[in-house]
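To keep things simple, chains are lettered A, B and C as they appear, and every chain counts its residues starting from 1.
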Amino acid sequence: MSPGTVHTIIDDLGALLLFTMILIVAAGQIYRAIYAVAAQSLFIAVAGGVLATATGNVDLWVIAGITLTVKAIVLPWVLHWVVQRMNVRREVEPVIPIGATLALAVVIVVASFQLSASLGPVRQAITGNALPVGIALTLTGVLVMATRKTALTQMVGLFASENGIFFTAMAVTQGMPLIIEIGVILDVILAALVMTIMVLRVRSTVDADIADLDRLRG
Amino acid sequence: MIGGERPLGLVLLEMALLVLLGPLVTGTIQKMKARLQCRRGAGVLQPYYDLIKLLRKGTVQADTASGFFRSIPVLVLAATVTAGALVPVVRVGPTTFPLGDALMLLGLLALARFLTAVGALDAGGAFGGMGASREMTIAPLVEPVLMMVVFSTALTAGTTELGALAAHRGTSWIVAWRAADFLGFAAMLVLLPAETGRIPVDNPDTHLELTMLHEGMLLEHSGPGLGCMLLASHTRQIVTLGLVAALFFPAGPADAAGALGLLLGAGAFAVKVLVLATYLALVESSYAKLRLFRVPQYLGVGFVCALVALALRIL
Amino acid sequence: MAETLLWVLPLVPTVTALLMLTTRDRRILSAIDVGGSAVLLALTLVLAREVAAGGPRALGVLRVDDLGLVFLLLLVVLTLAVSIYTVGWLKQALAVGNMKSELLRSYFALVHAFVATMVVTILADNLGVLWIAMEGTTITSAVLIGYHGHRHGLEAAWKYIIVTTIGISFGLFGTVLIYAAAAAAGLQGGAGALSWSAIMKVAPTLDPGIVRIGFVFVMVGYGTKAGLAPMHLWLPDAHSQAPTPVSALLSGVLIKCALLGIIRFQTIAAAACGRAFPAEVLLVFGLTSVVVATPFILAQHDIKRLLGYHSVEHVGIVALGLGFGGRIGTYAALLHVVNHGITKALAFFAAGKAIARYGSRDMRVIRGLLTVAPVGATLLMLAALSLAGVPPFSIFVSELMVLRAGIGQGHWVAIAIFLAMVVIIFAGLLHHAGSMAFGEPTAAATREPESWSPLLGMMLLAGIMILLGLTIPAPLDGLLRRAMEIIVG
């Protein structure tokens, strides 16, 4: 596969990733956010696979495979199960109006492009505009985590953020060492598990959604 | 760059073709929706019969309407049909005489929308006023996004003239799409129901006051006037679909001269319009109409996609 | 010998944690607890002697140098103190119903797993392993924070895990950028480019722009874990709602581990883009923390939240010390890390006993402590005085050194603000502590005698605190000096 083709494919995947990111920010219901992040993880896995064939780096195949199974299939399924069985609220409750969040997302995208311009020296020629997309994805994931009250949407934001970090790492250095990547993914899985358990615990002990807990102040 | 030039005769032919085929597209969408809803539905040619029926009826006008009201349907139809002249149908390429570009097309469509709203207000009815105000709430969200999408595609071609733009994009399509094109196309797909007045933004089948936008503005028209307005909305729909086709898949068969080339070009155009019409029918059958205050959120997604597409092009 | 110790050290708390799962008896669990902590302390002292004699040692992704030793010693001493304290505290907590006896073994196991992740954080040479271990501490401590199981605890744990995970994502992003810079500077791909020691060797050749941006992200990220303002919002909730021994560990050690992460990146940044830039960033965050914490300390009713905000302030002081820089500033910052760790743990212990006695965290309810529990009240007053910066306690010494460093570098505005805040906090803290210790005991006070094990733990810490206030023993001084050399370069 010629570098030019890889460049184009990764560019296009980057655009699709940005689209899924917009969908996550604008999601009005949890299901849509979950499907969007699953699609996003799928695209990341594809990008990893493409880069792996282009550079011959075997580690990337492993990472792509793990991302596909864990973040595109297993974790969204778990979230889906929690929403269905546990009668968690399905509406996403934003702290600031969705329009404002979308505006912030646009600002983030533009800022990421500016930022990546100043990071030029480390950018790999082969991965095109993967760096600004990766930065935008990470920051938007954090935005979603910070501006949503619903616990499960915050977890979706966490997954999106980790997707972005992986994409950035891919863009600048063809991925971090395998052991680190695996450790990062493990951490994300554990964090998601702990958070899920907490949501269920709050449900059962306090009989309220975790978004309603706001007594600690001052 | 493919295609040749489009002389005056060809432009007039394309314009006539669009006007004639507009109701057919609407009929096809209605038929597809009916099939998806497990009904047989009216025939594909039903809109034509409706238009002919209306032309034979007399006109009734409200007392409170002014003389201007009578000319509104004709003006609206004229604006929309002129917009149709700007869309390359059978062959891509610039026109031989200065005609107008994509911005002019959007301007003409906006003019048509404005005149419709004015007419509705002029008649002094409550439904008209409400429909007009709702339509004008949606319009400022739709039109800038359309322009941004046009700009993002025009940046590479260096021109906003639709024929030249389409020629520049050439026969290649999805595999040659840049990242910005995906997002621009996504924005257009979000906007299509808004521009053509379909679910989830507006319901073209209803006449209930709570759900009308476009229909509300048409209530006061009757007879041939109403026929003109309906024809204008059919033409508007096919013009928008043609715009999408010209911006994103102008691929037609390689330039063949003479009648064969025209036929092939017309065939390709028909296929593209059919695909987009299927998309509209599917969307209409899958979703419910959004409440009015949620429409800005929905259009916001399109706005952000278009903005990011533009940003990707510039940065 | 030292190399083996490097991988044995994280294993000890892990094995202890696993051992905890085998029994349900409270006494056996406490015995394993204290035993495990004592073994850890002993091994660390051995390692310290080896490093003092032969210099830094490394084994794979783990590495120990004098800088890491400072934090490691703090961690193991506090772990032992916490284990001793827990013996008595747990009896009372079980009686009251705050802890459930069937959940005891998972509690102990989690505490030691938490300690194990912190050991790995301190010993990590590989920046990626550092991040993974840091996230590990978040996960284990989040479960511990919500351990009491009531509503506020769960809310605090949720806020904690969300805010710190957001922050730590920034940290990971910064790590990726530094990794990219190192790889671009020619370091071998793979684990080599993430090794702190390897990066330090090529640091002057790194691209300054990238390192700058990476360092800012790392500051925000690890700063969230450290409790620097404005990312500190989780800290008062988490440290106040957690069980008291866990609060002591969180406030005493965990935030210091995050600071170690910041220091490691600071050294890279100082070498790559000059000392001034990281110093300025640290100064801004440090000053903001001190200023933001002050009004909340004054207006506080909940004693553990008060101590939480105090941690924010003291972390700010450490950041100020690092920001002022130079030999004095860095030495002061490291000394303050040790001093604050010990003193804050002591304060939490004393507060925990007071809360248990009065059944409430509200400082307006806790009155007349001196009459009902003289030893505990004395220790509480000592801890409060020390936190406020009164001589002859340890914190006074380090705060004074930070001040000296600032004056020496000429940061007059920062010094002025710092002094003003310290004075205000001194007044506030003294008022709070005094009203708790003196006066007539309120009706809520129980009059049972004080149990010996918490007192033992507290007196151990108090002893160290007073010792460090009077003089810094030569081995510790040497260790701190060598650690300072690593940072100042």
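Throughout what follows, a contact is a pair of C-beta atoms (placed from the backbone, for glycine too) under 8 Å apart; a residue touches a chain by one contact, two chains touch by 3 or more.
Everything quoted here is computed from the prediction, not taken from an experiment.
K.L.:
Return the chain label for which the distance between chain Cα mean and whole-protein Cα mean is smallest.
P.N.:
It is chain A that sits nearest the middle.
K.L.:
Among the chains, which one keeps its Cα centre farthest from the Cα centre of subunit C?
P.N.:
The chain farthest from subunit C, judged by C-alpha centres, is B.
K.L.:
Using Cα averages as centroids, what's the distance between subunit A and subunit C in whole Å?
P.N.:
31
K.L.:
Determine the centre-to-centre distance between subunit A and subunit B, using the mean Cα coordinates as centres, and give it in whole Å.
P.N.:
Each chain's C-alpha centroid was found; their separation is 36 Å.
K.L.:
Go ahead and note the Å separation of the Cα centroids belonging to subunit B and subunit C.
P.N.:
About 65 Å, centre to centre.
K.L.:
In their shared complex, at which residues does subunit A touch subunit C?
P.N.:
Residues of subunit A touching subunit C: 115, 118-119, 121-122, 135, 138, 141-142, 145-146, 151, 154, 158, 161-162, 165, 168-169, 172-174, 176-177, 179-180, 183-184, 186-187, 190-191, 194-195, 198, 201-202, 205-206, 210, 213-216, 218.
K.L.:
Where on subunit C is subunit A touching in the complex?
P.N.:
126, 128-129, 131-132, 135-136, 138-139, 142-143, 146, 149-152, 154-159, 161-162, 165-166, 169-170, 172-173, 176-177, 179-181, 183-184, 189-191, 193-194, 207, 209-210, 213, 236-237, 241, 296, 299-300, 305
K.L.:
Which part of subunit A faces subunit B closely enough to touch in the complex?
P.N.:
Touch list, subunit A to subunit B: 8, 11-12, 14-16, 18-19, 22-23, 25-26, 28, 98-99, 102, 105-106, 109-110, 113-114, 117, 129, 132.
K.L.:
Would you tell me which residues of subunit B are touching subunit A in their complex?
P.N.:
Subunit B reaches subunit A through residues 177-183, 186, 294, 296-297, 300-301, 303-305, 307-308, 311-312, 315.
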